[in-house]
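Here the chain labels run A, B and C in written order, and each chain numbers its own residues starting at 1.
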Amino acid sequence: MQSYRKVEVIVGIFVLIGVLSMSWMAIKLGQIGGMGASGYSLKATFADAGGLRVGADVMMAGVSIGRLSSIALNDDSEAAVTLEIQNDVELSTDAIAAVRTKGIIGERYVRMSQGADDEVLTDGDELEETESAINIEDLISKYIFQGKE
Amino acid sequence: MMNTVEKQSMMVQWLGGLGRWCLQSIEKIGDASVLSAVSLAYFFKRPWQGKHIVLQMYALGVGSLIIMAITGAFTGMVLALQGYYTLAKFGSESLLGSGVALSILRELGPVLGALMLIGRAGSSITAEIGIMRVTEQLDALQMMAINPHARVILPRIIATTLALPLLVSIFDVIGLAASYVVGVELLGVNSGAFLGEMVAKVIPMDLYAGWLKALCFGFLVGVICTYMGYRAEPTTEGVAHATTQAVVVSSVSILILDYVLTSFFL
Amino acid sequence: MIRTQHLSRKFGTMTALDDVNIHVKPHEATVIMGGSGSGKTTLLRLLASLECPTSGNIYFSDESLVGITQKRLYELRAKMGMVFQYSALLNSLSVFENVAFPLREHTDLDDFIIQTMVTMKLEQVGLRGFEHMMPSQLSGGMAKRVAFARAIAMDPEVVFFDEPTSGLDPISAGVISNMILDLTKKAKMTSIVVTHDVHAGLDIADHVILLWQGKVIMEGTSDMIRNSDDARVLQFIEGRPDGPIPFSRSETAFVDDLMHKPGTVRMA
């Protein structure tokens, strides 16, 4: 019976290590729980959010400051997007959100540029200024048809 | 030269064999489901088998820890090395962290972990139960008013189901750490880019998918290996055959189930 | 103590037991004898309720074992012990833990009392001092003695023995036979022994049941068996290779098989 106690302790340590590994991954990598507690959400509407996905980065000056948490079509046939921004980042009310691409063939992300206003955005506010995704196909076709006219 | 009648009869024989094989497989799947369902029902009945679950966690879970750590470390190292030279061609070494993390978390952790569990613990489950059958130990338990379903099968299925997600998480962490060492310390990828990309690309769904896979795989390994042992032919060759079968069948089922689960989560 | 009524057991198309009616009286040693394949092990497994009969019924002190709930069967098992052919010791446990196993599982006795009881049982089989050995370190005879001690650990009313002396040297076999005798005569337990060892069997028995091809061919005291003039009984107890129980198990004519005659029925 003494040896069973030992087995119990070792199994306990094993479970502890396993659960620690799980929670480390959850907090550090998945940012489960961490984000919701330390971030605030902003809404933005884009005429074209082509290529954006849930989980996409929100970056300012090349630094990640949050994530895209939801994307849906609103009734005006525009893309309504919710962004989760880290609490320590303050954005002015006239900050600009733009859909951009990392590199030429990289993935889409939301680029934020700071505005000039003194007031800051708080949880649930809507970003007024947005720039839609630049669609390379549209650009190319524009040039082609311009040439024909 | 074979005439048409002979060809036809060969075809019929072949088809008959295929049909028989299918029927037998379905019968076995049914038998295994019933056996594990009956056994798992004892989870809710007295006497409580907690002590035996802990003992099996020790034998199957803790026992597989070392091999998981080694496999995890080398998987992470190889992925980093291989990934680096592929990505370097496109000048996108910075993606190394996310590439390694996603492969390990979603696929390699659960699948390699399950395969290691089969090799280390699954085969021993089948052999042990098979030998208990051969040496009449299962009957002896019956005669001592101990239900072998509750005492022998149930704790093993529960133990593999609980242990694999834990083992896979340890595998993942060690794999990621090893890929960091190779990627950043040895190959000189920027540490910030490596970790930043890793954190940026991994979404909670990746983690959930990995854990859910590990849970399902652990359960499947437990069910198949206990079934194979319990229904082993009570001879020495029977147990040997059952052990081989258990490893083959559970490995193949894991790979098939992995495809099914992956297609659900993408 | 245990009765059977028109007991039959079939495996596929093969009939292992056919309409067996026996009565095991309490405080007696009943020995079931027969050659290999006579169905004696099947009968023992049916009596111990390890298997279910195809038809017929088994009564354990007037309670039917057919269709019994598992809960009730496990309660009755407290009154049964069994010594298996290959001892069936749990090989992950020491000798002490094997004998203590039923006590630990079914009683709330504290370690001190269990220690005392296990020591008593091991003394009874002459293995006191071997508590810490593992089953893999024991010889066949010793393993069987430990199995014996385990079977009587709960002081059962009935003890089943499956080939208790097979595979043992003559001395160990004698020791086991003596222990079974003591069990019935002194401890007043009921023992049911399955064996093909004629001499050990007849020495132990108060009541002998002789099986042949799944049927009871002779029943009575040891002396009745010894003095029987039934040719099949004589052949069995004298161990003659040929007689009413034929040497050849083939069902087709030898000549036909050699000639590859069409229509020859061959055994699979």
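In the analysis below, a residue touches a chain if its C-beta (ideal position, glycine included) is under 8 Å from a C-beta of that chain, and two chains touch if they have at least 3 such contacts.
None of these values were measured; they are calculated from a predicted model.
Where touching is counted per the definition, the chains common to chain A and chain C are B. Put simply, the chain closest to the centre of the protein, by Cα centroids, is B. Among the pairs A-B and B-C, the greater number of C-beta contacts is found at A-B. Centre-to-centre spacing of chain A and chain C amounts to 74 Å, using the average Cα coordinate of each chain. Centroids built from CA atoms put chain B at 35 Å from chain A.
A straight line joining the Cα centres of chain B and chain C is 42 Å long.
Across the assembly, chain C contributes no residue in contact with two or more other chains.
Interface residues of chain C facing chain B in the complex, by the touch rule stated above, are 45, 48, 50, 70, 73-75, 77-78, 80-82, 84-91, 101-102, 105-106, 160. Those residues of chain B that touch chain A in the complex are listed here as 51, 54-55, 57-58, 61-62, 65, 101, 105, 165-167, 169-170, 172-173, 196, 198-204, 206-207, 211.
The residues of chain A lying in touch with chain B in their complex are 4, 7-8, 10-11, 14-15, 17-19, 21-22, 24-26, 28-32, 54-55, 57, 64. Of all the residues in chain B, the ones that touch chain C in their complex are 131, 135-137, 139-147.
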